[in-house]
Each structure stands twice: as structure tokens, then as C-alpha cells.
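As C-alpha cells, here come the structures.
Two complexes are shown next, each including chain A; its partner changes from chain B in the first to chain C in the second.
Here is the complex of A and B:
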């Protein structure tokens, strides 16, 4: 086992938090139960890591084994990365070929190796017929950089691939390799980006309705709305009850009754003219639009937006520019006057 | 005809003040109403658009550059009792000893910091609005270099300065024993700021208060700075709102091209050379309605937290960053006004 692999394994294991150590090592399945039992997991982390690396050395861990460990770590810590979404398409008249996983892997690897000579490509199959791909990029003359890899989660039955990459310059090559190897014609980057990979999947696969149907409560809408009023003196009535109910109803129709997929931001580039009835005459003669960039940020954007109308901060229904995010699968927009 | 060009000949001190404050400021009105025990009836205040003041022309632009592009945390300070500009060296020595003592007590623990520090007090010439304003002064903590050679100036660890720009309303009310420098700006570790504050409070019987900037004043700043004449724009005009929704927080950032912001302002602006409350309200309303047209969200129901223009940026927590040397005094004048209001 050469130094590069040893160091790479050492650094990867070092990243793993202690409470996940056993789970990840077991998932990796490179060191056997017996071997793991010989290690003292209660010692200081640096010593533990050293012992583990020695074991890997004894077992002659390869670069690919190390890469697999890295994939598993990334799978568990996927929220630490920002994920982009790509959509591939076939030509309209093309036949739908049956997808062959082994052929895809072989073809994908070949394309990259032919282009760069030095590249590490690793695969790990996942559930739902998906595959995780890890690529460490090198060039014709330099060895692959194992510490800035690109990760891809590909669902071959669908046209979607989710990628996370620190090195942007290799993206065109990656796109090409994915397209050709999976027998598609074209690949397009969607205006959708988030740390929450599962939410991206939910949005893109339109799973919002199905996945969360179980959470749909049976209590009628009105009871839920006026829950707070149950214990209050019945002689006290709420002003605007009708309006409040309308807002609740419209909000529910727009957003649905289930938890929203989790996104952190939405960005709008507006190039639109200023128009206002109240401030008549302002900028009336100006032909040029106002150039604005608006960004909404929140730990859970869609839930926050959903709460705006009931809180009285926004009108109901909320603007379609915001409500279309899950349906259109976008969180980057460019808006111009029609 | 450009009303913004400072083409006047050397103005006198009193006209400077008049230039800046046309009519009574909200501060003066509030004081009046408190003294008279009457209810406060707000009449639209006016402020003159900041111009490149005559005094500032005399200040070395290199020296001014020191204050730009740094984030300053703001405090208001009550007048300093028996402070003397001729004792600055003595103060430096005393403060140095105080800091060393505090650090040895373990009250401020900074990793890697050595106790070899040097404190410097210096006056800042020209950092004032009128001749009546007291001289501003600067306090710096430098790390003393280990090498004994004189040329090795230590690294600046912390900077703080006291100033008073157009502080006439406060100057009129205090006796000779007091030095009024109500605005304090600090840059550096909070632990150091706390130690400095403690020393000043003990030595000059004064009191520091963090200077928060509310949404009302942030809107004023945004309007005034947009009104400033700029040769070129270095930064986009940007607003940040914090939405009080639960359970998740939501931040809305609204950036508008500075030329478009200026065009909007010019369309709103009616009175040459000054800014009125109505104009500020209208300017903000236009921004709100443009936003509402697209998103159906009422920004006025949320909390304005930060404004940023090519002149300066300000955060509601009392943080300021000045980007344009031409309007340094203008920005400081507004902040001095806020500080004075808080002090009184």
C-alpha cells in the first residue's frame, strides 16, 4: 500500500466522528469483524486511526478501497456539500435502450481515462437502482487530486444526475462522459441547487405528494385553523375569521398539507420596469428596467414561505414566482418583463 | 446646474451647522417636548445631503484611507470628565499597564497573544464638522515586535477612536470640565474593546452604550447615501430584511443596481440640496411596492437589518463600514447625531 493511499485513508477515517466510526467501517466492509475486534475503540482518536491504517496496510488496501470509504463518508455527510442537478435528454426519435449498469460504468470510465489519462473513478451501487460515482481528477501529467473529488449520484432510470464538485473546470468533461455513457444526447444544468440532496430528489422526482401522504392528518381544515380557540371563551370571536380561513385554505392549496422539501435559498434576477399605481409618476418616463437581485435565505425556505401569508406578512395566494419552486424544480430564476 | 457640487467659499462654523441641519432635528424636537412636558408631534425633519466638506479637503487622503473599508462597531459615549489632550502619553502608559494587568488576571484569553503590547494615543486632525467640535483621537493596541529594531512596527491588534462631528447640540449643554466625543468606533477583538471601555469608564467617569441603528435610521441612511453624488459606483445598493416568521428564520436580500437606485431617488427627490422624511418614505415605498408586485410579500412588515451603498454600509447591530472618503464626515455626522440622542 503506497504512501498516498495510506495518507488518504488516514485523513478520511480522521474525518469520521467517533459515534459513526463503527457504522461506517462496517458499511465499508473492508476490515473484517475479527480485525475490528482487535482494535481498542476507546483510545484517543489519533491512535485509533493509526491502528486502523495499520490494519488496512496489512490487508493491502487499494486506492479503490480508499475511494469507497470516501464515498460512504460522503453519503452519510451529504448535507455538507452543495448539490447541483443535471438533466439529460435523448433525441426525440431515439429508441429507449435498456440500461446496462456494467456497460455504463465501463464506458464512463473509459471516456474519462481517454481524456485525462490520470483519473480515479469509483462506483458504489445504491438502492433504487442508483449509483454513486466518485471521480478524482488529474491531468495528462499530474496524478489525481484525491482531496478535491467530484461526486455524482445517478439514477439511470431517470434523466437526472446530482453532482457536487469543488473543481468546476472538469464539469463539461463530466457532463459529456455521463451523457455518452448513459446513451443520452444532451445534458443541461438545472437552475436548482441545495445542500439537501433528499429534497432535491423529492422535487425533481415529484415525490412531494406521494412520499409524505402518510403524514396527512385527517382533521378537517377548520378545526386545525382554529385549534387555538378551543379553550377561549366562546363569547370572544376573532375578527377577520373569514379572511384567516381563506388564507389558510389558499396556503394549503398552494403548498399542500405535507412537509416541504428542504431548500436553503432561492435567487431571482429581476430585470423589470418599475410600475406602481400608488406612487404615480415615479420613473414614469424611464424606459430602462430596474436591475435587481433578490435572494431568499432560510434553513428551510419553503416552510418559511408557507408561513408568511398566515402571519400576515404576505398576501395569499403567494406569488407564483415563489410557489413554483418545487413544481418547476428551480431555485435560480431570471425574470424579465414580457 | 448641479446642486450637489460644493462650490461655496470657506463657510463659517455656524453656517456649517445650519447647512447640515435645516430646521429642528427630531432630536431637538424630542428634547423640546420633553422639557416642555408636551407630547411629541413629529414634523418632517430635514437633513442636508452630505457633501465633501471644506474641512475634509484638508485631511490627508492617505490618513482617511485608514478608516475606510473596515468594519467599525459603534458605541455612544457620555462626555469625558477632565480629559486633556496634553496628557495623551500618560494615558497611553496607564492604559498599557491596565491591559497588561487585566490579561494577567486571565480575563481576556486570546490564543497565541503575547503580553508584549504597546498602546498609542494620537489626535486625528481634521476629523470634525465645525471648529467647535473637539479633536477626535485614536487609540491603538499594537503588538510589540520581539526584535529590538525600531523599524519593526508591531501589528495593529485593535483600533478605537472617539469623535464628534457637528456635535453643537451636545456641546452647548456641558461644562468646561467635560470633553464631548459622543461617537466611539472600535475595530478588533471584543475582549479588547471591553477592556478599553472599562479603563475609560474608570478614568473619565463616562459610560459606553452600544449604538444600535433602528430601521427608521437605516432607511434614512439608505436614502441619503443614494442621494450622494458619486463619480463611480463601487458597490451595489443592497438591503437586507429579516422576516419574523416561525419556526424558521427567513432573510431577504434585495440588491438593486446603483444607477437604478439613483434614478429612482432622483425621481422621488424634490427639494434641492436636502432630504425630507416624505422623500425617504416614498423612496422606501417604491422599493417595497416593486418587491410586492413580484412576490406579494409586504417588506414593510419585516425588519430592515442592513443597508449597503457605495458610500457606506450599516447594520442594525451598530456596525458601519465606510467606503467613500468623500462622504466620511457626512456619515460620521449622522452617527454622531444618533450617538448624541442616545446619550441624552
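Here is the complex of A and C:
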């Protein structure tokens, strides 16, 4: 086994937390049950990793095997990376998409290998007919850098691919390879970014709201009631019940009753002229537009926005710039004067 | 028996009287027995007769009682207050009607296209089926306003919903729904065939089934066994018409080393036709049944 491969495997296994070790190794399915049983999993991590690497050497692990382990680690720890969304499109009256997975994999690999002689491409099939792709980039003269790979989660027969990449210079080549291999015409990067891959998927596939009214199921929508304290003394009257109810209704209409997809930020780049009701003022006379960047951050941005009006912090309805995020599939905005 | 002996030794006359008396005695006994039997039979007969009479009597009594009770019941029900009965039965009738209505609305699923009115408009449910098997249901929640809008839905991403909506949603909603039904039912049917092949006929496949999300390209290798020889084939099914559950293009290639005999070439061609005309899982069902038939026909 190559020293590079051995070191790569060693570093990858070292990243895995102890409580996940068994699950990930089993998912990798490179070392058999019997082999895993010969290892003492209670020893210090460094020693455990040494033992595992030795086993991999005995079994002659290849670069591809190591890459697969890396893909599995990334799948489990997907929230550690920031994911971008790319949208591909076909020409308007193109033929039906007869996606052939084997053909795609072959074509994708060939395109990258023709462009850069040194590149490691690995695939792992995932649920819902999706495929994970890992690319380690090299150049015509240098070997691929296994420690800064690009990951792609592709959903065939849909326009969408999710990517995470530390090296931005290879993105155009990646885009081209994806487009050509999947028989699309064009690829565009969406203004949508998050650590939460599943939320991104829910937004672009429009799967956020999955409750439907049906005669076969009891609808909780019909039993909606205000979250006012029912046990409170009936002599106490809420003066602003009407307003509270209105706010609840508007919030429910805008955000729905379902859990919001998880995003960490929304960024607005403003290139606008200053508008003021007052006459004069230095800013109003400025000919050039002001540039500023407004960024909203939150562990769960959309839930936070949803709770603004009911908490009394903002007026309902909220600005459409905030509420359009899941519908437009954007959380990066550029706002200019019209 | 000694007497009989003496009778034989002494001659006929001396034993004759005693024997005669004996015979007479036996005769009398016999006739006594007979008359006794007759008497007992007669007694039995009369006993049974009386029993029959008794049972008939009881039966008639019970019949009379039943008649009496019925008459009493009818009389008493006629005496019950009219208001109470009307109330109960009306409520019952209404409840039964409501249950009936609910059941009918639920049963509408089986028609394939059903819906429920919502506060915004209507939520349409498309229940797909293939060969009499009820498969997945998909929903489209429509907002009734100008223009008509889709609020949210559960249609898979690879079904061209936007295209169909752009064509028909605003102008002809019926066409929109029927077109969507067509695509979804065809997709469900193709998916069902692929799933059935993977689950029920895995033994006949020599490799994994290659498929894509729309199930409109299937590629697999299978073998036909004949005695000790095994004929491997590779099949590639293309479904270019997304509204159909049968493929538009089929290619079956022989994977063996030697050239294919004419008989087997005919088989290969017949397989191609089969895949084009018969649902996938049925083709394989016939393969597993005809394994033996092939044996006979080609020997």
C-alpha cells in the first residue's frame, strides 16, 4: 500500500469520533467483521488507528477505498461543510432525459481526466437514486491533493447538484463536467448556501410543506387555536386579543405550520441611494449609491424570523425580502435601486 | 341327554312318551316366549305411542305460547310513545348517513383522482395504480385565485410538473389534472415493475438492476439455463414515452463467447418482443415457469 494512501487513511480514521467508529467502519465494508473483531476498540485512539491502518495494509487498500471512507465520513458529518447549490438547465425542447448512471460516471471521470491528468474521482450511490462524488484535484504535473477535495451530491433527472469545495479555482471545470456528463446545456450557481444539506434539498425540491388535507386523515389544521393560556382567570381580559390573532394568522399564512428549513444566515448587499423624508442632509445629496452589507445570522434563521412578529419584536407582515427566502430559494440578495 | 340315550337303546315306545312330553313342554315354552315377546313389543309400542302423544302435546303448547307472546309484543310496541322512537331513529339515521358519506369520500381514493376543499381552494389527491395494485398517492394543493396557483405539492422533482402547469393550468384544469395523472401513473407503474423485478426475480438476474429515478432506463443481465449450459443475456429497456409503462426501445444482446445458434437467435428476438409488449415482472415470471418447457422444445 502506498505511503500516501496509508497516511490518508490514518488521518481520515483519526477524524472519526470514537462513538461513530464502528458504524462508519461497518458502512465502509472494507474490513470484514472477523477482522474488526481482532481489534481492541478500548485502547487509546492513536493505537487503535495504527492497528486499523495495519489491517488496511494487509488487505491492500487502494486510493479508491480510502476515498470511499472519506465520502462516508463526510456524509455523516455533512454539517461541518458549507454547501452551495447549482442548477442545471436543458435546452427548451430537448429529448426526454434517459439518465444512465454508468454512462454518467464514465463520462464525468473522462472529462476531468482529460483536462487535468491527475485527478481522483470516486462515486458512492446514495438513497433516492442520488450519487455522492468526491474529486481530489491535481494538475498536469502534480499529484491530487487528497486533503482538499470537492464533494458533490447529485440528484439525477433533476436540475440540482450540491457542492462543497475549499478550492474555488476548479469550480468552472467541475460545472462543465457535471453539465456535459448529465447531458445538460447550462449550469448556474444559485444564491443559496447553508451547512444544512437536507434543508437546502427541501428548499430547492419544494418539499418544505408536506402536510396535505385529505379525507383519509384527521387534519390538525382544523383544530388550530391560539396559544393563549386557557387556565387563566376568566376575569382577566386580553386587550389586544384581536391584534394577537391577526399576527398569528398572518404568520401562519406566510410561514405555514410546518418546520422551517434550517439556514444560518441571510445576506443583503445594498447598492442604493439614501432616501429620506426630510429635506436636505448630507446623505440625501450624495450622487453615488451607498453600499452596505446586512447580514442576519442565527442557528435557525427562518424559525427566528417566524417568531419575530408573535414575540412583538417586529410588525406583521414581515418584509417580503425576509419571507421570500424559501420560496425564491435564495439567501444572498443584491438590492439595487430600480 | 341320558334319557335320549335310553330312548335310542330301548326302542321307540318307552322313550317316546317322555320325549313327547318333553317336546310338548318345549313347545309350550316356545309359545310362551313368543307371546311374551309379542306382549313386550306391544307394550313398547304403546309406550312410544304415549310418548309421541305427550311430545305432540308439549309442542302444541309451546306453539300456542309463542303465538301469545308475539301478539303481546306487537300489542306492547304499538303502545310505546311515538316521540321517543322518532327521535332515536332520526339521530341514528343521520349518524348512519354521515358515516356513509365519510366512507364514500374516503373511497373516492380508489377512483385515482379525488380532492378535498381547503380554506384556500382544493387539495387534489392522485392515487396511482398498476394492474389493480394501489400504489403511491401524490397531492397538489391549489389556491383558487386569478391566476390559479399551486401552493405546495408532493410530486417528485423529476416529473415535469412546471411544464404541464405552464401548458394547461390556467386554461384547462381538467387537462392539467389528467395529464399529471398520466405521468404519475406511468411512473408508478414503471417503478412497480422495477421493484418487482428486484425483489421477486433476483435469482434470475446475474447482476444488479441498473435504474434511474424516473425508471425510464433499465439495464440488467440475466441468464436462461438449459441443462448444463447457461445462456447469458443483457437487456436494455428505454422508456422514451413518459406516459407509458412499456418500453419504446428494447435491445437484448447475447453475452456469451461463441456465436448464437439460430434457435437461440430466435429466442433472443422473442425476448426483445416480450419486453416490448409485456410488463417486466410478468416476462420474468414466464421465464421462471418456462424453464422446463425450453428444455423439452430444444432437445
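For this structure, a couple of remarks:
The working rule: the second predicted complex is superposed on the first by the 302 of 338 C-alpha atoms of A that agree within 3 Å, B and C clash if a C-alpha of one lies under 4 Å from a C-alpha of the other, contacts with A are read in each partner's own complex, and residues count from 1 in each chain.
We take it that a contact is a pair of C-beta atoms (placed from the backbone, for glycine too) under 8 Å apart; a residue touches a chain by one contact, two chains touch by 3 or more.
Every value quoted in this text rests on a predicted model; they were computed, and no experiment measured them.
Of the two partner chains placed by superposition, only chain C is touched by A:102; chain B is not.
Residue contacts after overlaying the shared chain place A:286 against chain B, while chain C stays out of touching range. Using the contact criterion defined above for the overlaid structures, shared-chain residue A:322 touches chain B, although it does not reach chain C. In the superposition on chain A, no contact is made by A:64 with either chain B or chain C.
Contact with neither chain B nor chain C is seen for A:32 once the two complexes are overlaid on the shared chain. Judged by the touch definition given at the top, the superposed model places A:206 against chain C, while chain B stays out of reach.
A count of residues in chain A touched by chain B and by chain C gives the higher number to B.
Judged by the touch definition given at the top, the superposed model places A:155 against chain C, while chain B stays out of reach. No residue of chain A touches both chain B in one complex and chain C in the other. Residues of chain B touching chain A in their complex: 236, 243-257, 260, 263-264, 267-268, 282, 285-286, 289-291, 293-298, 301-302.
On the chain C side of its complex with chain A, the touching residues are 102, 105-106, 108-109, 114, 116, 118, 123, 125, 139, 141, 152-154, 157-158, 210-214, 216-217, 219, 238, 240-242.
Partner chain C is touched in their complex by these residues of chain A: 95-102, 128-129, 155-158, 160, 205-210, 212-216. Against chain B, the residues of chain A that register as touching in their complex are 268, 270, 272, 274-276, 278-279, 281-283, 286, 288, 290-301, 303-305, 307-308, 311-315, 317-319, 321-322, 335.
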